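Two complexes, one shared chain (subunit A), two partners (subunit B, subunit C).
And now, the complex of A and B:
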């Protein structure tokens, strides 16, 4: 698989610079917003073709908002998104919108809610082609049959005219994947696509996605809170905490050698099926706060066991500790460049 | 993959869509037929429809054909029966439900009015549902100022003194059946139905399948037409049934006050009996055939559409089902 990857030109598909998304909090619809929820705050990363980036963090840390902002379901407050060399931060012209939306897709968490109950499987899967006015009806049917077969719904013609409620959870998620891939997108955001599935089907669906990513040379953002899933699926991991990226690096690197106290705590919370296993567990205090008008200090300051006075005064930048491993913590200031 | 093999397996989408529609109709019919009240309503409506659309034309062409008796022709709906000595006459073999003070056959009037009541009720309800569905989904989808405007308008319409308004209006313009259907449809279309359909559309609006279509680049009208309206449609259809009842009822009230410019209707029959003084005091029991048939017809038809609505309610809201 590594050979196949290196064969593809290491082209940067998506580049995100200083991406911010703030939600205004208003008391009444007519008053001006006095405070803002900093859902995504100053995110920087880039993904190359065929790469999978995992966005990891606990709920409410801005993973899904990041995904939706990248797909322009939300208008970014600030920052720049470059997709295949084109600035797509503010898709102004209809032509640009059409181009971007035909090349990007999303797979949703809940396969029970993400398929319209009043549409047949054919209508659902062919919808992107329908919206983009792609191909004749015959071509659409052929393409839908082909992609359904590819995602493991077989025989496809037996499912084409069924409704979502006649399918099982795993089948539904396969249909949702088929819908996302029917237009051969370059960039796909998968928002916890396996978290609503039975454990028995989870691996099947994950393996299917891995195969499809390798086959179609897609750039993938995989949003998850499950580090085991992230380790299985992703090449790079970005750990988020309260809207900020606290650690970024190659997946194995981050999981074997976590640097940020928050990442350490996350990894120490993963259960190991070995009663003899002794691990230094890292206890952190309190629960996740709210990123409403946060002060310019380390967001993890109040919960961090290593917090120093400086952490409560300044905001740590991302220090590169080598091999592309970045961490936003003053503890690594000396190692960082 | 061989394309021929796929093409052979494909049926034309239109025939499949028809089959699917038929299948879902059968499924929904099964649920509907389990509700006794809905089936009862349907039967009453069918009986009225047969009476109005089939029985009346046959009888009008045969028994009630305007005949020359002596010098004058007799039309059972409008004319005076000179062969009858005293009018109003109680039910007899010649006039099954008797005659009214003007010598007109009560049964003929009753049957003559039936198709018109249907047309009025269904036209008004169609207009109401059409407006209500569009306004409800649009204001739910766009929100903000559009939403505020239409919802406050709906509040106003809900508080609107409907019958007094029509009374005033009838003084200014001639209200016939078509105009009445238009007015009822327009006014109630902006009222309560928009609030109900808006709340349903709000539920659909936040579903991930809407976001999924947005990711594919769907425009706002596409989302409303293809995703939101199909999901509120069953509820619109249900409210259509309740609106038929409302329209027929309003028509009866207005004709009872003699405010409509129409040839004959159930309300008008009661109006005629009332103005001639046959529903006053002890007369009410004595001349029962003047008010009971039209009164019962109004009650039954209004009730029947309401019952159908209740039956459909069980199809639309699975929570109401007893299974």
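And now, the complex of A and C:
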């Protein structure tokens, strides 16, 4: 039993190699794009079954684009995505698309906008089964009741024929989670699923998601700007800056011992709910820009307090400093392998 | 220390088709000269209603039905609209929620601040006002050259700074900041909060910070009031609120908030959802979610009392006083 369990834990569900997503910037709809916004630029990582990867960074760093590209809601510009051993980078045939989209799902940020106001809860939650032609109407109803109960909407039959406006924010997000999980997906991307919720409701939804991930052995990508939430929800963290992954490692490792100057600044800026604790924050210059045709130098060069001449000339690769902790900064060249 | 603002038993209700919404129901607190107070609560608990009552910027169906708001000893509830106009901005200024949207996109940012100054101080000439805006820009960390830019040329953090500069334009005694950093990224949030704290101390101003984020409030406020369902359930200095919370809701709130500092504690969830303020019940409003609720809590509203010096709580079963009780049981 234990062997089977560890074999499951070892299995790589998603592998991402050199993933790129550029958006063309055109002057008019008919002109050729002269410049490109590098929203996601050369990402490499893999996620095992049951693992939660947190994508963190400020707005505009490309974390949502990464999530959407992985779910193939965007066509990748370059690179390779392997899901359960199959190349899903392009999904040419309808059959492949159907297979991939039945196994991967997304949970959106705003439960007030992600649910169609003109559909009942049953219609919303059963829609994925509908699209995939799964089961009879009766089976669908049973499955919807089962999943609603699982996400804490009880009694489920009292909610089946209601509309989203009759539910509170927390209940709506539970419905959105139920919709994502109704087909038993193996891979879920959740984009800031709790940032619109109130404090007391947020903890309920976070706890629910942690239970569901453990129960269903899902592979999860949790996109958030809130490092405190990421600390509780994720096993690994990838810190993104202007489309680049600047640091990757085990969550506690990254939070307790951030290496990249950007991660250090980010972590030192998080307010601490303790009035007696005096933070020392690392001040960095300027604000986050946009990666439009970026030169091949460190993207954090202009804001970095530790920048050297070399940082303005070449781009640092990801150095592995041990325990799977990787950082894209020349400061760690000696420690890296 | 003299009190700049004293709110006494404020009641502000909205009348709707479905009934009365008691958004502020018996709110009392004092803000002293140079003091910063935090008003914390979840959405819909009435914290913005309290600030709108203080500014007297009420919706048509909203009415202050009882209580007093004493600003430097003067009850502003009774003031006429023209008299209130003089106090707004010059006496009490406000930094609105989503400040990025509170600038007019078709006017230059500097001109909008000059307009506010000229409206309140007719003796000031345009040139003097412009000079003052340049000073304010320096104070909030903006380049005075950017005065002639339009809002879309500013980043989110810069707009927030401009709005802060605008709130300072007429040297107010009190600034109410309603979720001043909610839409900003952490690094920018950190800079803005530092800036606000620095200016507040430098000018010895009074501040009321309104937020749902207790971590932000912990950074900036000396005194904290916790609101739940239209009432203040607990009020004390920041350290007491965080280290010795007495109201079960505050206790729950503190242990349900994730932090990146210290060891990773298990998050405690508060069961249930905040109540609807429509036709609010006569008993303790937290009773349905409270692990300590007894028969008494379902029958009466607990009085808002000073249980220790400067520690006010509205609860029949205050925690953490004589013996240590945690919400985990």
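One rule holds for everything that comes next: the second predicted complex is superposed on the first by the 322 of 337 C-alpha atoms of A that agree within 3 Å, B and C clash if a C-alpha of one lies under 4 Å from a C-alpha of the other, contacts with A are read in each partner's own complex, and residues count from 1 in each chain.
Just so we're on the same page, contacts are C-beta pairs under 8 Å (C-beta built on N, C-alpha and C of every residue); 3 or more make two chains touch, one makes a residue touch a chain.
Here the structure is a predicted model, which is why all the values come from computation and not from measurement.
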Combined model on subunit A where subunit B meets subunit C, clash or fit: fit
Which superposed partner A:225 touches (first subunit B, second subunit C, both, neither): second
Angle, in degrees and to the nearest 10, that opens at subunit A between the C-alpha centres of subunit B and subunit C: 80
Subunit B versus subunit C as contact partner of A:184, first or second or both or neither: neither
First (subunit B), second (subunit C), both or neither touched by A:288: second
Touching partner for A:58 - first (subunit B), second (subunit C), both, neither: second
Partner chain(s) touched by A:323 [first = subunit B, second = subunit C, both, neither]: neither
Touching partner for A:142 - first (subunit B), second (subunit C), both, neither: first
Subunit B versus subunit C as contact partner of A:35, first or second or both or neither: neither
Subunit B versus subunit C as contact partner of A:269, first or second or both or neither: second
Subunit B versus subunit C - smallest C-alpha distance in the overlay, whole Å: 9
Subunit B residues within the subunit A interface of the complex: 1, 3, 6-7, 9-10, 13, 16, 19-20, 144, 207-209, 211-218, 222, 227, 230-231
Contact footprint of subunit B on subunit A as seen in their complex: 29, 68, 71, 73, 97-98, 100-102, 104-106, 108-110, 113-120, 122, 127-128, 131-132, 137-138, 141-142, 145-146, 149, 157, 161, 176, 179, 183
Complex contacts: residues of subunit C adjacent to subunit A: 42-43, 155, 157, 185-191, 193-194, 212-216, 218-219, 221, 238-239, 242-243, 252-254, 256-262, 264, 267-271, 273-274
In the complex, subunit A residues that touch subunit C: 58-59, 168, 170, 198-204, 206-207, 225-229, 231-232, 252, 255, 265-277, 279, 281, 283-284, 287-288
